[in-house]
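Chain lettering (A, B, C, D, E and F) follows the sequence in which the chains are written, and residue indices restart at 1 in each chain.
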């Protein structure tokens, strides 16, 4: 696997085929756990790890499994990985584990995991599959971070609250109060706020794409005029 | 009896798995562009979820017990995946017409997190067998309900003059948000 | 530990057995999707999609190997139909694949040498004529695929856009510029 | 430029005239509101109107649509008024602004503006506010004469814009929970209906003052009916169903379920029946559909009021039924000419 | 007293009829030239049977009915054919169509006419044949060949409805016709009744035409017509729509997509009855009709105008006023704007409104639909116009069809009441044409698929046969070789590709020579069979050129 | 046919079983490695919560281990058996930590953790679970407001005091949301009554050890 390939897979996972705003897969955690940056990023990273590992684990065995048992076996492998991570988090990051709650075991059915495995790992070698899984996970994490940030600021007027749950008591000082004495726009941290904010993010991505396209078009036309 | 009714109604409206519990969103967003598709997906999910809730209860109660609780996720999902796979194959062969309507959605069900979420919630809420079944059934009826309503809205919105960058999934997401806002009206109805 | 292994093994064996059984018992052949996709394609058989005809393109789509926006004769409406059929998002034409106005081929009788090459090229047998005689195109059967243009050694075939007449005239979409800038 | 095609003549009705009529029909209710509660409501009406027009203009501008052309249609104004009427008059200025801006921008213009929105914008605004700022949304003015102290217009202005109260006055002294809310709270505390209704805030049918405001809206609604701007199906089905359900519960247990008349004349029921549910854009178009829609809304209103977590269910009932509109419309299509029954 | 029924909806636009119905029908002056389109009716275009320069007499056939559903076209006066070419016609598309231009010689000389004192002596098929030859088509607007409508297929028709409703504002041509020529109309009705074996004749006239009602009633009494009722129906637009009128008069709802004849009713315009009568009794083909000239003119009035009369010449006789922007053929509700003021009057021209900005102000810019359902309240077809609009606007054609787009009669009542000023009917017309085009395309695709598959299988078969033959040949050759190894050396048969190339090259050279010479038609020294084959191809080619020119491959 | 079905079944089953076994083994191993640590974490968390309401100076025992099962009781509002934790100083009972449920919150039950000193005085109260309206009724959470600290040091005293100020009692409330504090005050009051009634039994030995 060369550098270019690596870059392509990364770009694909993080931006072009972003799970959150393009593929619209794996949305339950995206919407449910993004009420703050810390929650979002933690689950995003956990998912990335699972995706990378499952990509790596499934790519080599893909030929051995008979078709009718394919999905059960894949799911089984993912489930094992997830449960392992769940126990590790439970043991070493307890409070975070409590906050993320049911969404950790639900990484198993997070559509994006199985979708990537079917779409990528089942056709590519382990190394690439792992990178792809991880890149997809990173894309997910990025969406979760942005979404969490927006919702946290609107909802509570803070950023990074609860960082102590992930990094320990000492990290408490990292919490930023963006708007002091804020009334709290509760809608933002409730489910409707999650949906609407994600809708806005998707629109923003569409807008960026359009702009990039327009710029590309302008460039090619200048190139053409220069050539002429 | 009332208790069962409340579990059922609660699962359908008050704690709707999509709008309130935020589970099963990928099919909710993905398979709701057309009404027929939404109905098909809903029916398929209802079947699998009800069956899955029941068998999960049996597994967790009779096979695992408290000692092997750490196998909960693993065993549930494997069994559910199996049920899905089996149903798909069986339906495809035995009833091609049903397969036409349900078939393409069946494989998607394994990756609907509600399918694992509901059995896990059942365990968490310590539901008994009947309650588990009802909760699973109610949850999936709730899922079907919002899918169908959402599909109706989306079909209608195809003709709306939505601004360019919001066309497609962005406005669908906003709509889901406003739906979930509306569903908050149910909160407190069943305590 | 042993209990866990036993339980999971039991579940796996039961499930596996059932699935294996089902896989054989319920095997079905064929892919009806291809026909459905083919029914949507315009049957121009022009190969502009990069496949030798509509059916092969349909097969490619069904296998997930081809995008749905590759058939210019189908127009945007065709893409919409495919998107609906397959539950995918609409995808506009990109790059060089753009639809052209519908046209029919016309053979210039003064230059036609009767070589029959166009007959062999026409995918729908819309050209009649025999060796060393003038050929002619049955306009009603010509799909406008342009496949006969290239083989003609004397370039006597040209494409004529189908002109609008009172009979095939269509009411236009009422356009209302609702923008602030006039 | 439009094409020149038949029909070449049109009836002189216009959207802006219709909307103007609806605004006009709101006036009796507003007048009574001012009479009973003082002029604070006029401030929020003004605030909401300015915000609505401003946000509407901005959204139109961004989308490169003709601003003046659409502003003239009066719909933004109508949304603003209905929203202002459904939130407490004493609500701080930013609350009104946030609610109106959300209603106009997200629930209307993201869908393409007038005619395209599936949800009732005013009710979306209300729902967002009650969920986000429940504290402010439950401070309703006490009707004139009931409050412990007089609350002058300047005091009200001061509160709305700076959230300060004159010297020693406590907010509790000039505000109260609405009649519906009080009823619910008292029932929660095991009060019985007859005792609760003896409280000074209740009048003949419902809240003192608010029952008259509701009557004002009823009057306006009748005007709309007479003008044929709304059809009878929606209000009649809504009020009828609400009355029927309330009567049913009341008959079963009069100590816990209040008289049906109370339901019709409190909260947003009257306003809703004639002005909110009837929003043509977000309600079904078929006669049968309108009836189903209104019946569903009435049932939900009653359930949410009586058993749910919010003091009034009108807004959520409207929104929940808005979700069903496309399907109701599709399933209640009337038979077209010639397809009724087979004649031989 | 007869009970009348109601249909849903309807509107009451200002009628504007008094301007033109006060003066009797005037004869129009002979125009300087007549432009007669060959396609004025539903069905196939008529085939021109005259040549440029030819002199024709009034009533002479200049276009023959072509095919099953078509109608003949006649010279409206005597004169010389100036041209047979494409000209602008009274069609909203503004696309030229084949027309015959006739320069009148001023003699107005009739061709020999075959009158008939007693039509009862003629058989039904003779009558129908005569009507067809006379080019009689429906004058109520649909211009459907009347002979086709007068064929009572097995099922028995009970009622013949004569449509004298004339519900559109401005138009008064039927009103005046009924006032002045009631007896002739009734004679036509009797003949139609006989052709249809109908029991009763109901003549529906809107109650805003009391003079016409009185005149028709008097004529019924005078003529001693039995089972023939003149009925005043309420004035409401579109009460003159065939289905609406049938509903009002008989209570029958003619289902969409079902012909009224299946329900025992047939409907004709009064003008059609009149023309049919003239055609049979006096042998006069349909070469003129009553046309209302109104709008921005000094003297709105009805004229009996020759088919083909340029509209501006006709309007000039009513003194067109300044400010006239263009002409509208028909009424303000369903009329079509004319692409030019010079287009000729056709059989469908019941009215020409000289339009001005004052009479028909420019349509206001449309707002979005607010779903107020005023349109649904007035739709006579009981449709949901706002839904049809929503889906047509979104180009969601399937949905529009589901909502019964094709039951829309394009009456325009919905647009009339729409507070958002949406040109609803335009959207429906657009959607309908798109659906027709799409269905045509679909048919073409299916045909193409079939042909392609047939070709594939043919090639497959040929290949197989060739291979078999080759195998057989080889086998034979081998056997031959085995028997006689040295005798026949294998011919140096160059590979077929090459020979073909060679042949083509010579052919190319040949072609070039030919192109240099002036269009040699290598038709000399051909056997009759070859000649026939070429003729065949040429003929087909001509037809194809025609097709390519004016039709999508359907 | 029969044979192929049998063979396919066997093949698939074997396949699935192999993966299941490997997976289970990994899981079992992880579980074995972590479950002790998890238990510790859970205990630490609980301890953290308890130590918020039980001053460090009032105990020297291992509170987490010194537990007692409490059967459902109307005064506590619990429907399942709950665990009470007992703090002792120098072996003498000092504080008991009880779980109670206020059934009549605005939107349902409110779960409370109540620490009561041996004297019958409140050491502190915390809300464990609730569904009250965010932004309105949720000021009972320590993370939102210090309201709940208003219970610190209160003793049963006069029944009339155990009301919110609006109803003439001694407890604060937030205007517009009195249902929630009423419910909490009522529940704490009842818990105190429960304590008074069962004081001796609550501190009785033997200590029920938590099984490892």
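Here, a residue touches a chain if its C-beta (ideal position, glycine included) is under 8 Å from a C-beta of that chain, and two chains touch if they have at least 3 such contacts.
Only a predicted model underlies this, so the values are computations on that prediction, with no experimental measurement involved.
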(request) Treat touching chains as neighbours and tell me the shortest step distance from chain D to chain F. (result) 1
(message) According to the touch definition, list the chains common to the neighbour sets of chain B and chain F.
(response) A, C, D
(message) Using C-alpha centres only, name the chain that sits farthest from chain B.
(response) E
(message) Mean of the CA atoms for each chain, then the mean for all of them together: which chain is nearest?
(response) B
(request) Would you kindly tell me how far, in whole Å, the mean C-alpha position of chain C lies from that of chain A? (result) 37
(request) Return the distance between the CA-based centres of chain C and chain F, expressed in whole Å. (result) 66
(request) Measure off the straight-line distance from the CA centroid of chain A to the CA centroid of chain F, and report it in whole Å. (result) 34
(request) Could you put a whole-Å number on the gap between the CA centroids of chain A and chain B? (result) 22
(request) List, in ascending order, every residue of chain C touching at least 2 other chains. (result) 4, 7-8, 11-12, 15-16, 18-20, 22-23, 25, 172, 174, 176, 178
(message) Two or more other chains touching the same residue: where does that happen in chain A?
(response) 66, 68-69, 72, 76, 79-80, 83, 87, 184, 186-187, 190, 192, 196
(request) Two or more other chains in contact with one residue: find those residues in chain B. (result) 30, 70-71, 74, 78, 82, 85, 89, 156, 161, 166, 169, 171, 174, 178, 181, 184, 187-188
(message) Under the stated contact criterion, what part of chain B meets chain C in this complex?
(response) 30-31, 33-34, 37, 59, 63-64, 67-68, 70-71, 74-75, 78-79, 82, 85-86, 89-90, 92-94, 104, 168-169
(request) Write out the stretch or stretches of chain C touching chain E in their complex. (result) 38, 41-45, 53-54, 77, 102, 104, 106, 109-115, 117, 123-126, 128-129, 132-134, 136-143, 153-154, 160, 162-174, 176, 178
(request) Would you pull the chain C residues touching chain A in the complex into a rising list? (result) 12, 15-16, 19-20, 22-23
(message) With touch defined as at the start, can you tell me which chain C residues reach chain F in the complex?
(response) 1, 4-5, 7-9, 11-21, 23-25
(message) Touching residues of chain A toward chain F in the complex: what are they?
(response) 64-66, 68-69, 72-73, 76-77, 79-80, 83-84, 87-88, 90-92, 94-95, 98, 184, 186, 189-190
